[in-house]
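Dumping the structure here so I can ask a few things about it.
We just call them A, B, C, D and E in the order they show up, numbering each chain from 1.
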Amino acid sequence: MVPVLLIGIPLLAGLIGFSLKDVVAKSWSLFASLLVLAVSVTGLCLAKNSTNLQFSIPWMGTLGSRFSIGLDGTGQILCLLTAIAFPIIFISTWKEDYKKARNFFGLMLLSEAGLMGVFLATDALLFYFFWELALIPVYFLASQWGGEKRIAATFKFFIYTFLGSLMMLVGIIFIYWHTRNQSFSLNAFYQAHLQMTNDTQAWLFWFIFVAFAVKMPIFPFHTWQPDTYEQAPTAVTMVLSGLMVKMGVFGILRWLAPVLPVGTYEWGDTVSALCIIGMIYASLIALRQDDLKRLVAYSSIAHMGLMCMAIFAINDIGTEGVMIQMFNHGINIIGLWIVVYLIEKQFKTRKISELGGIAAKAPALTALFIIIVLANIALPLTNAFIGEFLMFSGIYISKATAYSTVFVALAATTIILSAVYMLNMVQRVFYGPTNVRTENAVDIAGYEKFVLGLIVLIILVVGVYPEPLLHLGREAVANLLSKMYIKH
Amino acid sequence: MPIDNYIFLSLALFCIGIAGVLTRRNAIIIFMCIELMLNAVNLLLIAFSKMHHATAGAVNPDAGINGQIFVFFIMVVAAAEVSVGLAIIAMMYRNTHSVDINFLNRLKH
Amino acid sequence: MNSIITSAVLGVIMMFSGIFLKKNSSIVLLAILAMVALLAMAILEMSGFHFFPVETHDMLYFDVFGMFFNCIAFAATLAFFLLSGRDIAAIGHNPGEYFALIFFVLCGISIASSFNSLLMLFIGIEIFSIPLYILTGSDKRNLKSNEASLKYFLMGAFSTGIMLLGIAFLYGASATGSFFLEDLGIGKNAGSPMMMTGLILLMVSMAFKVSAAPFHFWTPDVYDGAPTVVTSFMATIVKAGAFIAFIRLFKDAFGDLKHNWQIFIAILTFFTLFIGNITAVFQQSVKRMLAYSSIAQVGFMLFSILGLNVMAQEGILLYIAVYSLATIGLFAILTRMKDFSFQAFNGLARQYPVAAFSATIFLLSLAGIPLTGGFMAKYYMIASVMETGNFFWLVVFALLCAAVSVYYYFKVIQAMYFKEGPSQELELSPAFNVLLISLALLIILLGVFPELLIDRLHIIYI
Amino acid sequence: MSNYVYLVPLFPLIGFLINGLARRSLSRSLSGAIGTVVIGASFVVSLMIFFQVKQVGFEPVTVPVFSFIQAGKLNVAFAFLVDPLSVLFLLIITGVGFLIHLYSTAYMKEESAPDFAKYFSYLNLFVFSMLLLVLGSNYIILFIGWEGVGLCSYLLIGYWFKNIDYGNAAKKAFIMNRIGDFGFLIAIFALFNEFGTLDFAEIFKQAPTVSTATITAITLLLFVGATGKSAQIPLYTWLPDAMAGPTPVSALIHAATMVTAGIYMIARSHVLYNLAPVSQTVVAITGTATILLAALIAVKQNDIKKVLAYSTVSQLGYMFLGLGVGAYTEAVFHVLTHAFFKALLFLCAGSVIHAMSGEQDIRSMGGLKKYLPITHITFLIGCLAIAGIPPFSGFFSKDEILTAAYGKNPLYYVFGVAGAAITAFYMFRLYATTFLGSFRGSEKQQHHLHESPLAMTLPLVVLAFFAATAGFLGIPEVFAKHANWLGQFLEPVLAGGAAQPESIASSTEWLLMGISTGLVLVVVGYALPRFRKHPELEEPRGLGKWMRDKFYVDEIYDALIVKPLNALADFFNQVIEKKVIDGLVNGTGRLVQYSSRQLRYLQSGQVGAYVLLMVIGMVLLFVVQLFLRK
Amino acid sequence: MSATQFLFWFLSILALFSAIMMVVSKSPVHSVLWLIVVFFAISVHYVLLNAQFLAIVNLIVYAGAIMVLFLFVIMLMNLNAETEPLKNKWLKITGVIGGGALMLVLVAALKDADIRNRIAETNKGEIGLIHNLGMALFKEYVIPFEISSVLFLSAMVGTVVIGKKE
């Protein structure tokens, strides 16, 4: 029942939200998202009792598709992340006044339902449906409530991701026709590669990969991202970068690598090379950004590249790193966006060059932000260190590629670069003398402190004691890898 | 008579009709060219009908008759089409005092 | 037979309605009632109640596929009447006759969905073409309407000529000299040069009727010039009727020769998708954009002929239903607008949220966004072709085109929701809104549960 | 002992949390007290551990705290390793740290209460990290501490963040360290790949089974890490800039403890280094080069802290030279003595700066002897110690390293002695310019001159005591047999790694010592009178200018790395991103639009054209058909 | 060469010539007259093929009724050679080339047809006679026959709608 509630609550609440009055919509959606969080935590507690975590009813029987969802190890971390993220997003933007708030919050909840569905679906067609359900509300959110150039930017985003998902659809249908009983179920998909030649898997790989690559995004499919992040309202950007990019990683983990293991091996090096290029490239570009949002956007590209690369290491350490890092990156980047949002709200600008000296006026904001930044550059005892360390180790010891050392050496340069651009930003925004804009700065309010404090708390707790989270994914990772080890 | 004589005769007439459609601008003439195309088809159908009759007439005395019936229906339809077509051309003439098909080209691109 | 006879009789009744009924609204009401009756007859027919036990001498063959299509087409027409009945009556001075012509068209469509002989195909197609020539030109004072009518007529007659030549060759190539579908693709001449010649010619003329490129050139002009309500009807139900005839012809007559002609359909599909989608991008008028989009949609529908399997047949019915409903809905809104340009839609969502929301659903469905019927329809089309294992490149191309199509459909959505525009007066009655929203919900329903519509068919085929 | 070893890092952590979280509500004295007391507590616990370790028959213990990371075969425990080496560092860190905390309570008096608490919280966090670094039983914990101290260094250098330059210095320190960490991290990955574990004990046990090439690569990468943290060529440039931080910070972090982390790490990994002679050579050469380069630069610096900073770099070079020649014990010995005398020198400098109201330029000082008597004496002791004048501590440690170096290659010795001579020269230049002669500052400064309060002078005295006497902890064999207490203490850890002094005849050793001592004394004898009378006030020319401008290393880095990188980034941002990739994406869109514009001209509106196109279409289909039939 | 063959060739050449003349005539009236000649030639072909009924119908319906209707409309509109709109020379050439190309490919497509050597019987066979056709029309083809009424009905309604003065 838990998975049904995870999807059902935000879906229903969202639909109801459309008919509510604008003033209550905000509280309503916060309530609903907290409810989802409660259910999600319950799901974690029930982890042993798997009957409550699976749900399957007939749906589109003639097509071989069922409405089957399940909360398993792979999706659990991301469901938890989603459940945590939405209340945080709602609280942190509590004071924001949206025109037609009910539509805004309704769409937000719909996208939450879509995200949950993506992480829960164990049927390929259903997965595809939720994939799009998550996308469309976000498109409308970004286009309606976004910045000046929102229409063009978000449309580019939409076309980009839509094209990617269409390619994925082709791949899904192709695999579907190669399953034994023409079924969309996850297990049937895991068997499908047995009926395919290696060459087929090799080209099919790209059809599915493109969708995920666009979502993450992997160089050179990334150009939608900075524009969209820049133009979307911050709450939506948080959803996009904190949660939706994870859909890509998750998709590869669950729907690509185990489904097409040979293709995954075949192209591992190519993808890794793309990831590395993207990481270095994005880091360097981040170095020269003056807009806070764009900077964070490019830093996100760099981080996602590493996650993608680690999947293709195809070993337990790398994959567990990816699992935990998906959670960590979600938390960290939402934290970054909140700060960016707070800065923009107070100073009416996101230009780094127009800011400075905030630390003197807003020490709490500064302290919390610096911890988030440190997490973002993967300092030990923050959550991201665990993930990045595992991922790098996984890549280094990977047997799936002959170039693991080179890959790590190149990818690890971003450790340096991320420190450079993040600290540059911290210094120029927070340190130095105050200027006209920042001299009357005030520190953040209580609820903002609460939200950021919560994020910092998660960062540190996971960074110091990651075992519970690692444990959550361990079995699932072993399970996924067992499907991928056919070649070795 | 070998059937290919009829085939190529009909084709020739048909293609003359098409060439007419392509080269003329007068709506009525174009329409007449289309009628010519239809007649070419009629001739071909009757030839085929007799061809099939020649093959199977011994077994089935009515073999091939359907081709001629078809021609009959083509004529029926052509008649209906002509009445409508001429009405449309007349309507256009009433409005523009021209039967030049290129005279009207508000609708393009 | 129910549908054919009923529609003809209803056509006659409507023809005389003008004499007895003076008010337009009562004629519209009568037409709606007649349509309900026709739909009921079609549904009864499908349920096994044949009221007219006529010996057809194999000229017609009523299978579930055709009858089911009739139901869909009639239901769509009913929706069309309900939404736009008032506008049909408002085209000119002869409301009764317009409705009569529409019923005659439906009669032709019913024949096209149940023919078993090339003769009936020819007659059926002519029956629904000739009234359309008239309907296209029914706005007599409007030069655009005149022009559209003349163009449509001349090119339609031309394509009739092509079709007849094709039929003649097929007749000549058939073993025993027959027009029955089952006799065409068999015998020692199957696949012979003459048969292929006939087949290609017939295919060309059918492609013309469904406006597949490069035989689509009449479509944008005619759709643009015709009165908007008529365009709505032509672009949906009539096109669907022609398409059913197309698929029926190729399935029943040439199904076994698939490998000889698939490449031609593939070529047509390619051009149709390309030209339809690409040309739509630059249109300035929504009406004309919809004309091109209807061409683009045909590109997808052609996949069903390429696949020609169970999935294709189920899918094409779903496609027709979803596409027709969405397009009718869109045109219904468009009919009420004075200006067909994209700018006219600016800020519509603020003033008319219901209409804008429904239009959004319609557009999303046309673009093939999941959770709308349009997605499932496209899904069926693609999956059916992929089952054959061939033409993978075409599938990929089609999806690229689908991405392009998002561009022009979303332009309308963007105009309605994200742009500001001057307020305008549209006569959108509450009933109209209710109808629109129910159509939209129906489309979503079909997107989530497509089997509601086609499971019946599935049971029969499997 | 396993019961309370965790207390050592825990106390500073508690201090950090209290000072960090409650900094708004703590008074200055309270937060200072908390900050200092926790370190003192740590020191006490460390002492207790020390006495246990010192007992005969002690075996190194690993104390697990909790399971940190577990994934696949990677199993990292959060565990502490207690052995003589770590205990020795514990004592240095907590002992010197305590004194510097104490010193800070007075030195930082002028800060506002929250800032004061912030300062102490950072300092506590630093001590915590440093303790983790030396206590960690595997490379991960070591790395956590490693990065932690880097962070604290960053925070403390940028403590006065309103000054852009200070911020830049902090950033530079962090990034330079990160470059080192890059090597360190990859070394860790390689270690894990090779050994399947990151535990010191396991790795060192298995090390001999691994090929020399691999070990060489790993050790070189570890050394890259060490060059970052311990400010060696080529990553030393951050350390002089780090003097932007408060002076006690410079004393603690940038002289006594953090910068020796690299030495600790290599000493800890000495088993690996012993297996990789190439790496050892690289370490030794780098160390030697650093000694000379930094010493030369120090000669022409006029900022009191800069001189000390370069001297630190130079002294660290000695330690690396020691490590490189396999004299691990000697290197650690030098760490110890250096901690005392360099912390002392910095604190003295802090006292001077305190007295001079923030003035750091020695050209404005002079004659401070009479105003700051305690500072003067202690500073002099520090100078003597660093210059290596017997019997001060620096003499013993430095000479042991030089002797060992001679055993390896006399060239090392030659350069080492040259470095020692230069060290003596610039230290006494500094001393003479600052304390001797007559005061050259402004009236106001002169008026303000005073000796520092007790909280500041007490640490000076204590440190001076150790700076003078600590050398006796490791008396070379040539002086007295078995008098090298430190060598014996560290024997269980660094055994086998120690240099082979036996290979050098004791007569040679005496000679070497004599040469270096004599040379130093000559230099001191030259420098002291020269700079007392004629302090160097004018701008240097020629080579001196090069030395003053640090051989333009920063500028070279800027031109070779920073500028090209920025240019590349700009190229990516402006050209690749906007023109190529985005251009490609938008170009596709434009292409579609363009095709759309062109294609629509097919729709000419003329029936004839339409029919013609249809006919062409048909012809094409038939052509295809003809081809297919062929 | 038998009389039938002679007649065939004569009629074929006549039909083709008249067809070409119809297309190239400047004056619409001439075109109509040439077309009537084509129809006559084709009707005689029908007779040759022993399809007397269709020959007669062709004459009455086509050459008679329909062509007269054309002529009538042309007269009504007072169209003549002078009012004939001119068409671009190049378009004319492309038109001819287009028609020719289609002819070419069709011939190419059909030249290998294996039924080329079959015979369409002339001067014999009863199927074209009115009796047989009538029987077939009202027995097997009664459905299409009936349904054509709808066609006519719609054509009639259409003509009325279009033609009615408003």
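As a working rule, a contact is a pair of C-beta atoms (placed from the backbone, for glycine too) under 8 Å apart; a residue touches a chain by one contact, two chains touch by 3 or more.
Just so we're clear, the structure is a prediction, and the values are computed from it rather than from any experiment.
Chains that touch both chain A and chain C are the following: D.
If you compare D-E with C-E, the chain pair joined by more contacting C-beta pairs is C-E. The most distant chain from chain C is D, comparing centres defined as mean Cα coordinates. Nearest to the overall CA centre, using the mean of each chain's CA atoms, is chain A.
Greatest Cα centroid separation from chain B: this falls to D.
Per-chain Cα centroids separate chain C from chain E by 32 Å. Distance between chain centres (mean CA atoms), chain B to chain E: 6 Å.
Taking the mean of the C-alpha atoms as each chain's centre, chain B and chain C sit 26 Å apart. For the pair chain A and chain D, the distance between C-alpha centroids works out to 37 Å. Counting only residues that touch two or more partner chains, chain C has 119, 123, 126, 130, 133-134, 137, 140-141, 150-151, 154, 158, 172, 193, 196-197, 220-221, 407. Contacts with at least two other chains are made by residues 87, 91, 94-95, 98-99, 102, 106, 109-110, 112-113, 115, 141, 144, 148, 151, 154-155, 158-159, 162 of chain E. For chain B, the set of residues touching two or more other chains reads 3, 7, 17-18, 21-23, 25, 30-31, 48-49, 51, 53, 55, 63-64, 66, 69, 73, 77, 80-81, 84, 88-89, 91, 101-102, 105-108.
Of all possible chain pairings, those that touch are A-C, A-D, B-C, B-D, B-E, C-D, C-E, D-E. Chain contact summary for the complex, chain E toward chain B: residues 4-5, 8, 12, 15-16, 19-20, 22-23, 28, 31-32, 35, 38-39, 42, 45-46, 48-51, 53-54, 57-58, 61-62, 65-66, 69-70, 73-74, 76-77, 79, 84-87, 91-92, 94-96, 98-100, 102-103, 106-107, 110, 113, 115-122, 125-128, 132-133, 136-137, 141, 144, 148, 151-152, 154-156, 158-159, 162-163. Residues of chain D touching chain E in their complex: 608, 612, 615-616, 618-619, 622-623, 625-626, 629. Contacts from chain E toward chain C in the complex involve residues 106, 109-110, 112-115, 139-144, 147-148, 150-151, 153-155, 157-162, 164, 166. For chain B in complex with chain C, the touching residues are 3, 7, 10, 14, 17, 21, 27, 30-31, 34, 37-38, 40-41, 44-45, 48-49, 51-53, 55-56, 63-64, 66-67, 69-70, 73-74, 77, 80-81, 84-85, 88-89, 91-92, 95-96, 101, 104-108. Within the complex, the chain C residues that touch chain B are 118-119, 122-123, 126, 130, 133-134, 137, 140-141, 143-144, 146-151, 153-154, 157-158, 160-161, 164-165, 167-169, 171-172, 176-179, 220-222, 224-225.
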